[in-house]
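Just dropping this structure here.
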Amino acid sequence: MGGMATDIKLIDENGKRIDGRSFDELRPIKIEAGILERADGSAYIEWGNNKIIAAVYGPREVYPKHMQDPSKAILRARYNMAAFSVDERKKPGPDRRSIELSLVISNALSSVVLLEQFPRTAIDVFIEVLQADAGTRIAGLTAASVALADAGIPMKDLIVGCAAGKVDDIVVLDLNKEEDNYGQADLPVAIIPRTKELVLFQMDGDMTFEEIERGLKMAIDASMKVYELQKEALKRKYINLAQEDEQQ
Amino acid sequence: MGGMATDIKLIDENGKRIDGRSFDELRPIKIEAGILERADGSAYIEWGNNKIIAAVYGPREVYPKHMQDPSKAILRARYNMAAFSVDERKKPGPDRRSIELSLVISNALSSVVLLEQFPRTAIDVFIEVLQADAGTRIAGLTAASVALADAGIPMKDLIVGCAAGKVDDIVVLDLNKEEDNYGQADLPVAIIPRTKELVLFQMDGDMTFEEIERGLKMAIDASMKVYELQKEALKRKYINLAQEDEQQ
Amino acid sequence: MGGMATDIKLIDENGKRIDGRSFDELRPIKIEAGILERADGSAYIEWGNNKIIAAVYGPREVYPKHMQDPSKAILRARYNMAAFSVDERKKPGPDRRSIELSLVISNALSSVVLLEQFPRTAIDVFIEVLQADAGTRIAGLTAASVALADAGIPMKDLIVGCAAGKVDDIVVLDLNKEEDNYGQADLPVAIIPRTKELVLFQMDGDMTFEEIERGLKMAIDASMKVYELQKEALKRKYINLAQEDEQQ
Amino acid sequence: MSKFTDNVISEIKRDYIQKLLSQGSRIDGRGQYEFRKIEIIKNFIPRADGSALVRLGNTQVLVGVKIETGEPFPDTPNTGVLSTNAELVPLASPTFEAGPPGEEAIELARVVDRGIRESKAIDLEKLVIKEGELVWIVFVDIHVLDYDGNLFDASALGSIVALKNSIVPAQRFGQGENFPLPVRHYPATTTFVKIGDRIVLDPNLDEENIAHSRITITTNEEGKINAIQKGLEGTFTREEVLETIKMSIESGKYLRNTFILGDDQK
Amino acid sequence: MSKFTDNVISEIKRDYIQKLLSQGSRIDGRGQYEFRKIEIIKNFIPRADGSALVRLGNTQVLVGVKIETGEPFPDTPNTGVLSTNAELVPLASPTFEAGPPGEEAIELARVVDRGIRESKAIDLEKLVIKEGELVWIVFVDIHVLDYDGNLFDASALGSIVALKNSIVPAQRFGQGENFPLPVRHYPATTTFVKIGDRIVLDPNLDEENIAHSRITITTNEEGKINAIQKGLEGTFTREEVLETIKMSIESGKYLRNTFILGDDQK
Amino acid sequence: MSKFTDNVISEIKRDYIQKLLSQGSRIDGRGQYEFRKIEIIKNFIPRADGSALVRLGNTQVLVGVKIETGEPFPDTPNTGVLSTNAELVPLASPTFEAGPPGEEAIELARVVDRGIRESKAIDLEKLVIKEGELVWIVFVDIHVLDYDGNLFDASALGSIVALKNSIVPAQRFGQGENFPLPVRHYPATTTFVKIGDRIVLDPNLDEENIAHSRITITTNEEGKINAIQKGLEGTFTREEVLETIKMSIESGKYLRNTFILGDDQK
């Protein structure tokens, strides 16, 4: 958390947050599948003011060869922020934060992709944050799993997530940028919706056990709502494809 | 172009340029072939105050192997400036300008080398600018094609070039350093002399269609003169070799 | 040498050095073999205030494959300083000095390791300077050769060394940090003890032929004393191992 | 030189495209000097100081502008600074790789930069806060999203549209009121490739993959030429080059009037 | 992804460890939530401004603290700076490679950093020399010497012990008298892995190599949680996560009382 | 460790060279302690502040000196700065590769640097513009053009000749009148290799390729020794080392009198 001591009040007397949401309300979310021509699969997500694209290439060959895993595919996710996606221009190229997020996202996606079906290959997932507004790792991961489905990569289930957090001593859902900067804790969560098992789970800030328990529940419940949006996006894509086929 | 607004007058009332040349006059050029012991082929060029060496190695093996092209040789030119070649010391290593020039020079040379004869190999061309004085890409390319011939690499023809430019609203040939810094446009050109086809062609500055037409003609005509110097340099090298053979 | 002109007096009227040593006296040295679990061989050395660990891995595979030598193993030593090992924090990663020292240490160790027995493999030697106090290259090399023996790598002999130097116009043994910073010359030496041949030998500063002759003798004589400590460390390790075996 | 040579095109497709061209047709039905469908969404990234998403057929490029304070170059103490960068992120094509910009990305950035710089599109002299000490630095970042050929024209178009709509964020830097970035010229960039002996405008990826030579030309609203870059390993005759320059002046007018100055943007 | 996959464990050993675990036992005889033997030598590197050598079973980590003057970040002009770095030097494991920190080293450094930062262990506001201009920068460098599992807990423990014993070298920088680094909270970090459906604390390397999921939790002396990092490709149920958090609060007390605040250090 | 191991020499040639040496002869007819033909063109690069092209047999090295203003090191506020760099550009040998300097280039640069620095050749105290703030920085850049053995001696010789003829470009930096770089000592560097049990001066590439040990010694005009570097994987006896040092003092005189102080330069 930014951890800056300020007098900024993030929740008003009516329990409303600065963007008017209640404590357990998601920001507006829009997901679109299959928006790129070249990628094997792709998705675009708007989540609050986040604008993120994910693309998938693979399974494809791995170079150099000694990086290949003879027993399964390697899933490599790359989380990247566009130079203009944040307030102060970000120098292109991976920084330490991007490298950590790429790792936790790779881990989360690997938990559902049937990697054993494609030994010696790589499945590459690219997440480009075009505009950042808190919660980019979860939004990117959510888009990435739609892109994997769009690419036809076999998976046990989608991955979906949402963050909870703590603001003005209250546990709330889905922090926006100001809440992330001036709040007390951030708790990003991602799950396999079918089993509700956790595949990504991080926390930083200051929370009691009970607060985490509550935040975790809120995040999981919200994830299930986002899951519906993922499925709708994929459905829309296939209906459109089917219609195009009919028209031909 | 440097594009600096100055009161510097680059052409006097008699149409003479600051180094005394007329508008369509080349700077003094000296070419020598085969000046390095280790390289498979080499050449040295002095063009105005430019001092440039080019060397050729190959055809030789390519590593890593997946970079090989099974249908032809890869020609890789590397344009590099010595740290002391320019007014302000240049940090060693490639900058963005060097990388772009390496690319356009590689492209130009590839147009005449019979790459299909050497599949899976690399032909490496190294251009070292020891002293820079405007026009280094063309001078380096001109030397490089002599070095290729000196290395016995089969080619359809040499490559040769010359720049035109615009100075004090006049189209002139072969800009020197001051003209390059304070002039209005630079128009580097390289051709296959036999057909006069263009293999390198760039422009930056501000020119009308007619000015480019004129500049292009001047540059091509001048290139043909430089071509004679290339051939003489190669002839001299082989006469010397023959004499050495006789003396033995 | 630091070469700073100062009024610091490094040797007093009684010929004692600032740490109380006489001109030909070594700093206290402690060597321990086999202190790491994961490495194939390891050693720890305290030499004055130097604290250095060396570890050996190998013979093991070399990647990429075209780096392999079909006739022998490649011995690669890497000398590295911890960020906190010196007064001013050192940025992690190799600097030019580390690269040079890695090279001379690799060369010195290669002179005794029977590399021909392990073609196509690498023997990796890692030297980590945890606290630096002048003489790190020799102390690191001395520990590295114990680590090689501890790893069971076949060698003609150990490598051992010591530096001489010149301080207040006097040739002295085994410079400490202040003597290194404010002295007149440093003369690191390493030998094969059996033959007393030199395998590492460097000098910088200002010495006459006679001074070098004297320093060299002192360094070689002192190396033979350090050699005894190396052998004792290896003996202790094997006695301990034998006792552990008995106890089981 | 990519490891994933998916850009390789089949012999059959190559022959088909060439045959069509020799009959005066293109694989997607366009005319020789016709652009693909162009769509521009300006200010797509409100967090940036200027931005434009350009769709040129299936090619998609997002250009973002960020403007910050910084020191001028010692030799130009009284002008602001333009810095153009291109990222061929691996999301956009199987042939792009992660890592620092390669020669293709650098060529792209430098050609776009030249078009803006040499046309003097931005009035850099109006971007000085304190001469020799503090000026505005204009970062143009080209982020390629989907690569279906002709990145040059899509990127150059996105850059000038993004710049034209950029606001200098003076308030954010405690330098007074925000003001529009002073843009005074409108360079337009057009790219042609030669396939066999035919020249076409705005190549798609299939055409690019079998092209021998490429030429990219930037012209301004007075019909003058500000930048040229011949690319690839093939050749052009003098006549071909002059013809493409002429056509570029024409096509540049279309781009400028319709997409840069016109209202055909979302 | 290392070239030297010595971390691969044999099928037989894997089965043996899992069978033991299903019977409630661990390969080295420890209880489910029992740490290996811990030894700490503080001030092992007198040349550093603070240091601690931690042995956690056969894992050895040396943490050194260096404190220097420097500029604050523009957005926090009135606090000092904490910079945490980890080097997985190839001396410590056949799977570590020389070169800039990889994703594992970066994850390690960032997780340790988060524990210190979010618990507000260091009173960074007391590290300002001149507001907005000059502050103390605290470098925590984690140097892994021997890797036998659970680098997170060894590194975090070494870091807080080293910091607690650090002296700000004000004299060296002409900034008055030296003074102890102001440390006011004592975060403790504990790591659990899941093997099959069993969860154990402080995995050794064999356990780490067959684990599916990992979770690292940092708690403070009030029993609050400051940082969590779930790792690896496997999953946890909500109940498992909550259970490990509870256990972490307990185990954290043990670490804090015995090794951070206690005298069980050399 | 180069990919292109063209430096490998045939068995036959190796045997031939060794047989000749055992008979007291060298492959090119030189005496044991005889340099190859040396040619120096000073001020070859007028654009540099000093330069020298050295030909040592077929080895060619170009050394350029650039002098700029900059900050002194904090611990030496009252002296100028010397920075020596070597580039083994791939033009000079099939075994050199593009990219940042490898260990060979770094060893070369550091050995040449040590000779200049330890002999106190440049009067760095005369290169202070404002104590602690602004000094002259002397960049010595060694550009190897043709590698036929013994880069050390060619580079060191080129460096001292280039420095001796360097002009501090004070005018260019608005610091008053240009003045000659103050050079007060003339270090000379000589290199010997051991092949079998024979030692020779100034090895050519064939000799270098079969040598087991190398030693490079820098001496000054008083016959004192300023720098030594033993190289390669072989050994020297104490007697051999002392013999080469003696010979280096002699050979250094020859280099100094003929090429550094003398007029045998173009």
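To keep things simple, chains are lettered A, B, C, D, E and F as they appear, and every chain counts its residues starting from 1.
Everything that follows uses one rule, which is that a residue touches a chain if its C-beta (ideal position, glycine included) is under 8 Å from a C-beta of that chain, and two chains touch if they have at least 3 such contacts.
All figures in this text were calculated on a predicted structure; none of them were measured in a lab.
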| item | value |
| --- | --- |
| Chain whose average C-alpha position is farthest from chain C's own | D |
| Greatest separation from chain F - chain, by CA centre | A |
| Centre distance in Å when chain D and chain F are each reduced to the mean of their C-alpha atoms | 48 |
| Rounded Å distance between chain A and chain E, as computed from the means of their C-alpha atoms | 27 |
| Where chain A and chain B are represented by their mean Cα positions, the distance between them in whole Å | 51 |
| Whole-Å gap between the CA centroids of chain B and chain E | 58 |
| Per-residue overlap in chain E, given as positions that touch at least 2 other chains | 3, 101 |
| Two or more partner chains touched - positions in chain B | 63-64, 66 |
| Residues on chain B engaged by chain D in the complex (per definition of touch) | 1, 3-4, 66-67, 74, 96-97, 99-100, 102-104, 107, 110-111, 187, 192, 195-209, 212-213, 216-217, 220 |
| List of chain E residues in touch with chain C within their complex | 3-4, 44-49, 51, 58, 60, 62, 64-66, 68, 85, 87, 89-94, 98, 100-101, 139, 141, 143, 145-148, 172 |
| Contact footprint of chain E on chain C as seen in their complex | 36-39, 42, 49, 51, 53-55, 57, 60-61, 63, 78, 80, 82-89, 92-93, 124, 126, 128, 130-133 |
| Residue ranges of chain E touching chain A (in the complex, touch as defined) | 1, 3, 75-76, 101, 103, 106-107, 109-110, 114, 117-120, 215, 223-238, 241-242, 245-246, 249 |
